[in-house]
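In the two complexes that follow, chain A is the common piece, with chain B as its partner first and chain C second.
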Partner chain A sequence: MIPRRVQYELIKHVGGPLLMELQGLSKRLRPRRGPRPDSPFGPPLESIGKLKDLMTRHYLEGRYADGAVPVAWVTSGFPVELLRTLGFHSVYPENHAALCGVQRLTPEYSAAAERLGYSRSLCSYARTDIGAVLLDKTPAGRLPRPDLLACCTNICQTVLYWYRCLADHLKVPLVLIDTPFVYGDSAAHHQQYVADQLEELLSTAERISGRRVEPEKLLEVARLSYEGTLLWGECLAESTHRPAPWTGFDGFFHIAPIVTLRGSTECNAYYRHLLDELRYRVKRGIGGIKEERYRLLWDNLPIWFNVREMSTLLAESRFNIVVTTYTNAWAEAGKRMDPTDPINSAARSYTHVILNEDLDRRLDLMSRLARDYQVDGALLHSDRSCKPYSIGQVDLRDKLAERAGIKSLLLEADHNDPRAYSTEQGNTRIQAFMESFV
Partner chain B sequence: MSGVTLGVDAGSTTWKGVVLDGAGEILDSVVVASEPLVEQQTRVELAKLREATCAPRETPVGATGYGRKRVGADRAITEITCHARGAFHLTAKAGVLVDMGGQDSKVIRIGADGTVADFSMNDKCAAGTGRFLEVLLGRLKVGWDQVPGLVDSAESSVSVSSTCTVFAESEVISLMAEGEPVPGILKGLHLSLASRVAALAGILPDDIEVFMSGGVALGSAMVNALAKELGRPVTVLAEPQLVGALGAALSVR
Partner chain C sequence: MRKDYIKEQKARHARTVLAVLPIQYPKELLTAMDVLAVELWGPPGKVRGPGAGRLQAYVCAVARNAVAFVQAGGTKDVDGFLYPHACDSIQGLATLIPNFGGAGDKPALHYLNPKGEARPSSRRFLVAELRDLADKIARITGKPLAPERLTWAISLHRDIDALRLRLLEGRARLDLSDRALYDVLRRGEWLWPEDHLSELKEAVTGLAEGGAVKPKGVGLLFSGIVPEPMTIFDELADMGAYVAADDYAAVGRRVVKKPLVLKDDPLETLAWLMFAHPPCPTRATSLATRLTYLDRLVHRSGAVGVVIHTVKFCEPELFDVAGIKSHFGAQNVGVLFLESELEGELSGQTVTRLEAFVEMVAQRRKS
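Take a look at the complex of A and B:
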């Protein structure tokens, strides 16, 4: 019997890379099918292959992680750098739920949660993930059992109750980082309040992992995280060019490393590669869509199960989403980071995330993005699931029109649950919106 | 016959077609119940319209409505844009257009140049649509033609609070069981529906004119209820059912 740790290390350093090599080889041997000649999209990004490899490896390592290294399930806005320092393998239930969403597994998984009494009004990420745990099913092969659940309320209060349910079901300790909602700039005592909790988190995580925090390691992870955030920001900023070298929909997928592997060398190596490719495309005028006539801003989460259809609908009419507040959120954090002071830097940057800031800030942000990316209009996804993101969008729409002269469409949908979206009606709205530009 | 175009509005309840001449006059039109095979219905109805107006086979066709992409038209445009175009053609004015159709209701703000400045639609269910009224009229055993008379005769209106069609239906059943007179229930239903559509319109500037199109506008009861909710007169466009098809015909000129 090979010990778990050895299995894990073998997969991490030998099995995973070997598998990727083999996959790469078989891809190279297979005759390449180019995009359909009538496709409205530009040539696909080469980096997508690397992205798939990176994420497959991450999930593959995860299968062997429990029992080998400490495992934490964390929310997307959790200061994961502190856990990474202690060698935790992190699993992102939200990212996993999105994976299920793309594959349209939410109705099945959610039904399992609904049968137990979880309301359909609850966020579809929570329902998808709780359902996956209840059914013990996942499209990722296997998710490692957590030793720790780590939840930060900077994105919503739903995660608090969701993680409490997980803690109860899995009988695993839960750490909570509570971030006060901020209006304007956070006060020093807000940041201190969060920093104190982070110190406490470190000692809990040390106890659970049986390891001690090495200050140099913490600095190194903080530096990598900062660097990764900047790189991601640079990738996004390439879309300020005309035509944008990729689409906002591409960005929804390429965001995965900065969410799940933030603070690692693999993450940054990936974004360096992507940035090179995007720059190359900009230099040669290769766009994300073949003909970019109008540029749009997208607000809120993607509609995961409808990405392909919606992106095609837009591209066929020569509309490109060139910037999204969602993907931008992970780049925005860089502005408040100071890698030389990891704890206070985390306290500050994780408190000032888009969903933890007031509407004036959101409006400022959207106006700035609209200007920098020279957008002609905005699609505001009013997400039935994500209340904190959707509340205030009616006012945001009116103010955007008033302030920046930006016309917006409020599109009611759900990011993960196809049962809460009527594609036909949604398409008609988008089409009517596009017709109003021509 | 220069400049003649055809417009089709393949809606969920009715199929509408118009023949428009180069001067912008409607030469002929038709409104028939929708059939499941929209392609076939369109072929037959267009052939009749062409024959009646001597329009040649190659007359351009614009289409709108939920079946717009399936009728082989030269251009397929959404109902929102078509209703706005049709309305502007008739009024030559900026304003707010309320279109109450079988399957959805929309409120469209038309700019001074006739383009769509903004719009909102009822979402995901039949509440707030012609279908809502149809279901409840069926329950009350009242025909469309009886509605205006009955609503006018109501001494007071009974409030129907549910806006969901299914809930409203059971609410109506219990109101009937309690012996509430039909005219009062009917009036209540119209007001409830009108308030829902008014909510879609949001707060309107004082000086903006409100127009109405769609099949529901044919009955005065709904128009009056809407005027009451919006606190201003509502002008029903000429041949309100044809406005979408008219817009479609305009789109291929």
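Take a look at the complex of A and C:
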């Protein structure tokens, strides 16, 4: 029997790349189908193939990771650089839940959680993932069992409640980075608290991985992470051009590497490639949609199971989502990073994320994005499943009109659970909103 | 009544009054600094006033009602607000009201109770957070914190906790209805602590001497955020049941049961106290610790069933429901899950479910 570690290394360095090569080859051999002539979208991004390869490889490696390398299940806003330095394979339950959401698996997975007593009022990412664990099912083939659960509350407290349940269910230690919410300016003792927790995390992670952090390696990962967020920011900023070379909906998918592979060379190589393609499109005036007449800002998570339908509805009426607060969050983080001081820099940048800052900042940010991306209006997804992102949106809608002079639609839905969204009613509201521009 | 009391506290004692949002906060610090805490649990009833629509209907009623109440001028007599960091919803209010209006320009203070089990980092942080809060309060009251006052306040609140504990744990020997008991206990949400202490002293005189147990009916453990609507206790009495053990965040979970550990600096003693509170999901105590604690409550009180009585959309509580159900289910202890929206009265359907549950656990007890 081949030891687990050897299997893992084989998949990582031989099997995975080979499989990607084969897939690439079969794609090249297949006759290329262009977009439907009546499609309202511009030519599809070539990078999407690379993105699929990258993420498939990540999940493929994951199948062989447990028992071979330390495995952590990590929240999206967790300072993962420290774990990466110690060779952890990280799994992102939120990203996995989104994958399930796109494939409309949430009702099935959530039902398993609901049968045990998890309420349908809970975040649908949490329900999806808890259900996946209970059913031992995943569209990714197999998720590696974690040695560590790593949770940071900079996006919400919900992740902490959710990870407590996972810790109890999987009997795995849970490490927490508790990030004080930022009202106005972050107090010095708040920053110190986060930095202290990061030091504590280091010793726990070292114990679990059986390795010591090499300072040089940590600096390198921090540098890559910094560079990755800057590259991601540059990709997004290409949409300040008219027409935007891609849509905000594309961005929802292309965010995956900066979330799951932050601090790695593969992540940055991917964004360099994407950036080149976006620049190429900008130069030639190739838009994400064929005819971009109105530009919109999107706030909150995507409605994963409805992305295709909604983007088509908008594109057909010449509306393009050119910027989203959600995808922008990972670009903003880079502004406070200092790769030469990984711990304090992580304490700063991971505390100052959109969901951990007050509504004044959020309004400033949205007004700035509205201006920089020259938007005509905003779609505010009032997400039943994400209270931290949704509280304040009623006021934000009014303030955006006052301050940035843009009108907004508050659209109630759920990011993962199609049972909580009526597509028909949603479409009618979006139609009416679009008509108000004409 | 509360309004008159607030006015009297200000006029007679020159006290500063802060409206305090749920759940855990260092009340000892406020008492030491001559600040009256008036807690804002909702208030119950229909969401009313112009602020009612500022939060979506899928946010818990505690948060929604609070915004509406504040915006409708319900807190006009207070001098400021204290927002503890209980959950995402309170955190949301803590920026919504100060940033986008509703309470005039009254000062807003924040307090972060560290999450998770106590760690060296969180202990250090908490002392700094308490010191910072004391400085901010001093800026409002004009009076800095005097350490000896804090020592006094800590001791006063330990006396209060001791009496609350006697009432809660001696429940079966207490000659008071649940409704009357909770009325007394919950007056601590807004009375000056010394006044509350006097009322508690009066209430403990109703404890039967020598352990003589009065037959009270079917004993239940109640767990949740806040016992609203309070009519639930009248209904319970009619059904021949009573609250044998309390795990409400607003009540039992705020009673420190561990013996006090005094530190050199009273702020450090206070930090120790904050960690010594019973398990609460809003502080992210581990589920295993919480279940051990609930087990102890059930067994010590002789409760024959568990009622999870929580506020709809309350994520911290809702995540634990599955664990509590399966834990007690395995011990053959019945669990009933009730959600409330802080309505004025229990719905007919809820009463029926409660009734059926009481009957079921009573039957089990007999057989």
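Keep in mind that, in the parts below, the second predicted complex is superposed on the first by the 438 of 438 C-alpha atoms of A that agree within 3 Å, B and C clash if a C-alpha of one lies under 4 Å from a C-alpha of the other, contacts with A are read in each partner's own complex, and residues count from 1 in each chain.
Throughout what follows, a contact is a pair of C-beta atoms (placed from the backbone, for glycine too) under 8 Å apart; a residue touches a chain by one contact, two chains touch by 3 or more.
Keep in mind the model is a prediction, meaning the values are calculated, not measured.
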Practice task
Name the contact category of A:89: first (chain B only), second (chain C only), both, or neither.
Solution key: neither
Exercise for the section: Please indicate which partner A:412 is in contact with in the superposed arrangement: first for chain B, second for chain C, both, or neither. Expected result: both
Handout entry: Which of chain B and chain C A:241 touches, first, second, both or neither
Key = neither
Problem - Partner, of chain C and chain B, that touches more residues belonging to chain A - result: C
Practice task
Kindly classify A:193 by the partners it touches after superposition: chain B alone (first), chain C alone (second), both, or neither?
Solution key: second
Exercise for the section: Would you sort A:435 into first (chain B), second (chain C), both or neither based on which partner it touches? Expected result: first
Exercise for the section: Check the residue A:381 against both partner chains and state whether it touches chain B (first), chain C (second), both, or neither. Expected result: neither
Exercise for the section: Identify the overlap between the chain B-contacting and the chain C-contacting residues of chain A. Expected result: 412
Problem - Residues on chain A engaged by chain C in the complex (per definition of touch) - result: 113, 116-119, 121-123, 126, 153, 156-158, 160-162, 164-165, 167-168, 174, 176, 178, 180-181, 183, 187, 189-190, 192-193, 196-197, 199-200, 358-360, 363, 382, 384, 387-388, 390-395, 399, 412
Handout entry: Of all residues in chain C, those that touch chain A in their complex
Key = 53-56, 58-59, 63, 85, 87-89, 91-96, 98-100, 108, 110, 112, 114-116, 119-122, 124-125, 128-129, 132, 281, 284, 286-288, 312-313, 315-316, 318-326, 337
Exercise for the section: Flag every residue of chain A that touches chain B in the complex, lowest number first. Expected result: 407, 410, 412, 420, 422, 424-425, 428-429, 431-432, 435-436
Problem - In the complex with chain A, residue positions of chain B that touch it - result: 66, 77-81, 104, 115-121, 123-124
